[in-house]
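Here come two complexes built around chain A, the first alongside chain B, the second alongside chain C.
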Partner chain A sequence: MPQLEIRDLEVYYKVPFGTIKTLFGIQLDVEKGDSIGIVGESGSGKSTLGLSIVRLLPPNAIARGHIFFNGTDLLALPASKMKDYRGTGIFMIMQDPFNSLNPVKKVREQLIEALRIKYLRRNERVPEESLYDEVLKKLKDVKLPDPETIMDRYPHQLSGGQIQRIVIAMGLLLEPSILIADEPTSALDVSVQAQIIALIKELQDKYKMSLLFITHDLSVAYAVSEKLLILYGGRILEFGNTEDVMNSPAHPYTEGLLKSFPRGNYRDGKLYTLQGAPPLFTDLPNGCVFNPRCPYAFDRCYQEEPGLYDYMGRKVRCFLRHE
Partner chain B sequence: MVNAVITLIMLVFIVFLLVHIILPTPQAMAKVYIGGTHFTQAEINAIIEQYGLNKPLYVQFLNYLINVFHGNFGIDTLYKVPVMYLLGKFIPITLEFVIIAIILQVLLGIFTGSVAGMWRNRVPDWVIKALYLITWAMPVFLLATLLQFAFAYYAKVLPPFNIANPLMIPPKTITGFPLIDAAIEGDWPYFDSLLQHMVLPVLAIAFAGFGITTRIMRASTIDVLDKDYVKLSYMKGLSSWQVFRKTVLRNSLIPIITLTALTFGFAIAGAVVIEEIFIYKGMGFYLYQSTVSLDYVAILSTTLIVGISVIIANFIADILYAVVDPRVRLE
Partner chain C sequence: MNENGSDVLIRTEGLTKLFLASKYGLLDRLARAKPLFVRAVDNVSISIKKGETVVLVGESGSGKTTLGRLLVTLEKPTSGEIYYEGIPLSKNISAVREKVQIVYQNPLESLDPRLNINSIVEEPLLNRKITKEERLRRVKEALESVGLDYSYVYFRKPKDLSGGQRQRVALARAIISNPRFIVLDEPTSALDASIQSQVLNLLIDLKNRFNYTYLVITHNIMVAEYIADQIYVMYAGKIVETGRVDQIMKKPLHPYTQLLFKSVPSLRNKRLEPMVGEPPSLINPPPGCRFHPRCPYAFDRCRVEEPALVEVEPGHFAACHLYTKK
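Up next, the complex of A and B:
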């Protein structure tokens, strides 16, 4: 049985003049130890997907469907029970490091607070000093220089990279079985970005966690993930092994994405651009959601919506791949 | 500090001008001193001469300022005793119940604001909104009169006026604060009487003012709830109540500090009306009486004291800010 099974997940937002649907029939299995890159442009619903798994969507959002975590349907739980699955079960790293830590508490207090929860759940009593030592050890694990000093700092005295390492350390302290990272590197400098990605990858192997890595950057997803999920307009357009998807993209959108990222020292040619912009959820096209930007679109694409078809060991939402 | 002094001088200047608009001639001012209708021209001239009332306005103003900086607020025209003596008697009475009222008001505001913010756009939010809109929209004197009618005259559970039972002998004045003096002397029946008489004025000020605290607290809570660090706090596996207590509350309290310093001014201003309604003989009552009888020396001094207390309240707020929020450093 997969660790996490997402079935027919749909998310709606209540707005003053009706509802807006932002996720459409998401199906996803996460096996133990999987690392899945979830790639999409802004407004594709990728953050909504992450937040609906941990049930931290804004109050005006409604999630329908099922999210089974080790057999328990998280969406069917009463709100007060959900806390038992967060932290030690599923942990999520937020996008903006400068807003991730409580500004009025020292780093040390915030990390120890997390650790206490772990031991409380295991019904273990641990003396204060060993909590401190464990925090210190984890901060060394995430390669934070000078952890003793940093533990007595407030978040505003730290850099984005340092905070992201601290948040990752917090995740490790809780020993979650699934780690969701929502664009953990997009607010960081490129050099720091690479370090954080390498760190997440290394720790995932070391602690045997499953990883859901949400990003808008295909090259980042390629670096961390074994499976790739392409999200567009709230729908899965392609899902398969990262290598396969990168080498021979099956969906026109994936193909466009791949063509439009600059590669190494290749700079003389003209860079391919995907025409148009991602659709607004208030104004989705008829038929295939990608049809306004698709170079191969034909009549059928404007009339009916393609299903998610099996194609060469992958799943693709395109009539061209439907035999 | 320099700013505060300039603000105070401006304040005194404005009140000084107002007094001279109401009493435009030296003769009119001298008549206030005499108080009655039986006086001779010679008496008036003597008073004008004694207090320098016929000197140019700016000389009078400078003289007044110099005297104030020497701690001399002048002689009260009505009671014929130094104003300092009267203020020393009345200020503690007012400060005592106003500070209690503000504490109650802020606690009430924080509680209702947090509840409204945590349950935004749901029933508790609507109920609280209705409550504070009614109390906030109601003039203080109406609210105070309604409370007095309901609890003192209709239900007869609380005394309608005075600061304590007038038949009881007040304890010796030590600090000037009646409650503290009664406690030091161990005069508990008097202490109890003071408390009973304080309930209605305190409730009137707290009810009239808590709406603004509720509103800001609600907005601040909603603002904080939206922050990623609240999500991370949930991610640790804390319950909603723990997230509120450990993360949301302290962050959303930050704007309340400044707000409380500001409402302090409102509360003191409200005290003038409240003390008149409940015949609660403190500074507000004194200010009201002096205004009615055009006792300009008292009006000037009381205004100055109110100004100083508001500035002190803001100063305390700045210090508290640095204590609560580590991002703020005191220069």
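Up next, the complex of A and C:
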């Protein structure tokens, strides 16, 4: 049985003039130890997907469908019970590291607090001194220089790279079964980005966590993931093995995205471009969401929405791949 | 690096910009405390040829943006000189100001949210003696050049447009005053992947049509390779390597450039090799070569003597003791 099963997930936002639907029929199985790159442009619904798994959507959002975590439907749980699954079950690293820590508590207090919660849930009694040592060891794991001093600092005294590592260390202290990382490197510098990616991969291997890595950058997803999920207009357009998708994209959107990446120098010729812009949720096209930009679109694409078809071991939402 | 005739548009000599690292008030003066400076740009000499695109790559905090701002006269150099077509900038700053422009990374932050697109694009012309009709004609022309429809955008506000359209507006605003030199600070990094190639193509089109000279600041190696003629690699306020784009991409010489290329995600590179350590403090830069604490090849000389930029192969320079003979 997969660790996480998402079935027919739909998310709506209530706005003054009705509701806006932002996720449409999401189906996803996450097996233990999977690393899945969730790639989409802004407004594709990728952060909404992450937030609905940990049920941290804003109050005006409604999620329908099922998210089974080890057999328990998270969406059916009362809010008070959901707390028991966050942190130790599913941990989410948010996009902006500066907002992830409490600004008026020292790093040490926050990390030790996370550990206390873990042992409380396991009904284990652990002396305070060993908690400190465990925190120190994890901070060394995430290669934070000079961890003793950093533990006595407040978040505002640290750099973005340091805070992001502390949040990752907190995630590891809790030993979650699923780690969701929402653009964990976009607030960081290029050279730090590679360090954090390598760290997450290394620790995922070591602790056999499942990883959902949300990013807008296909090249980052390529470096991180074994499986790739392409989101567009709130729908899964393609899902499959990362190498396969990158080598032979099956959906015209994935194909266009890969073709439009800069290669070589401008003297060698113009870049391929996908015409137009990603759709707005307030103004989605009829039929296939990608039809206004698709070079292969035909009559049926404008009338009917394609399903998510099985195609060469992948899932693809395109009539061209439906035998 | 030497000035060969008149094809050099901008050249800098020993350009240095220091920022005060902390307040230096009356009490500090009375106590004769030594002021602390951040050495953002340190003794940088570059030259930019007419009609070419120079790309500056490096980590954040390496001084890329400060160098860009110095070249468009938004910062005053602490020492050193900028020559614009051979004339020192300090002698004709107002003439140069009319010919240079800068486009920032995030158009949502750099465009006035309360102005409509027509006013935003028109603004650079306001304090020049140009009639209203002429201004309108030029706004239409500039918007058309960047691929926007005047009747669709002129009354809208930046928030009503998509990311790609906003970046086109920022470009229209930059080109309306007929500049010769445009600094583009991370022109595509706020854009969605499918929009990035549209904007890169547009930049090349504009350059071919109007013969602009660009300085592009980016940390995206694939973008740098695509748009550049010449690349400068900056580290901790210094130029550590420069050469033609094919020289740098095929055979990076400086260990920093080599490590940078290996650590940046790209579609060619599944196995990333992250660089160790953090960028150095610019208040107290390491002695000798500034990269030596992170350099896998560092030896004794690197810790004491600062390497000069030397020509390793024709047109390809690196500041590294591996290439200086002694």
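In this section, the second predicted complex is superposed on the first by the 316 of 323 C-alpha atoms of A that agree within 3 Å, B and C clash if a C-alpha of one lies under 4 Å from a C-alpha of the other, contacts with A are read in each partner's own complex, and residues count from 1 in each chain.
Following the convention adopted for this analysis, a contact is a pair of C-beta atoms (placed from the backbone, for glycine too) under 8 Å apart; a residue touches a chain by one contact, two chains touch by 3 or more.
Remember, predicted model here, so these are calculated numbers, not experimental data.
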| query | Taking the superposition as given, does A:Y222 touch the first partner, chain B, the second, chain C, both, or neither? | reply | second
| request: Could you tell me if A:T72 is touching chain B, chain C, both of them or neither one (first, second, both, neither)? | output: neither
| request: State whether A:Q27 touches chain B only (first), chain C only (second), both chains, or neither. | output: neither
| Looking at the overlay, what does A:S191 touch: chain B (first), chain C (second), both, or neither? | second
| After lining up the shared chain so the two structures overlap, which partner does A:E41 touch, if you call chain B first and chain C second: first, second, both or neither? | second
| query | Following superposition on chain A, which residues of chain A contact chain B and also contact chain C? | reply | none
| field | In the complex, chain C residues that touch chain A | value | 59-61, 162-165, 192-198, 200-201, 204, 219, 222-223, 225-228, 245-246, 260, 263-267, 269-275, 278-279
| message | Help me check something: in the complex, which residues belonging to chain A touch chain B? | response | 51, 54, 56, 58-59, 79-80, 83-84, 86-88, 91-92, 94-96, 99-105, 113-114, 117, 121, 154, 156, 167, 170, 174
| field | List of chain A residues in touch with chain C within their complex | value | 41-42, 145, 159, 161, 189-195, 197-198, 216-220, 222-223, 246, 256-258, 260-266, 270-274, 277-278, 293
| note | In their shared complex, chain A is touched by residues of chain B numbered 120-121, 226-229, 231-240, 246-247, 250-251, 324-327
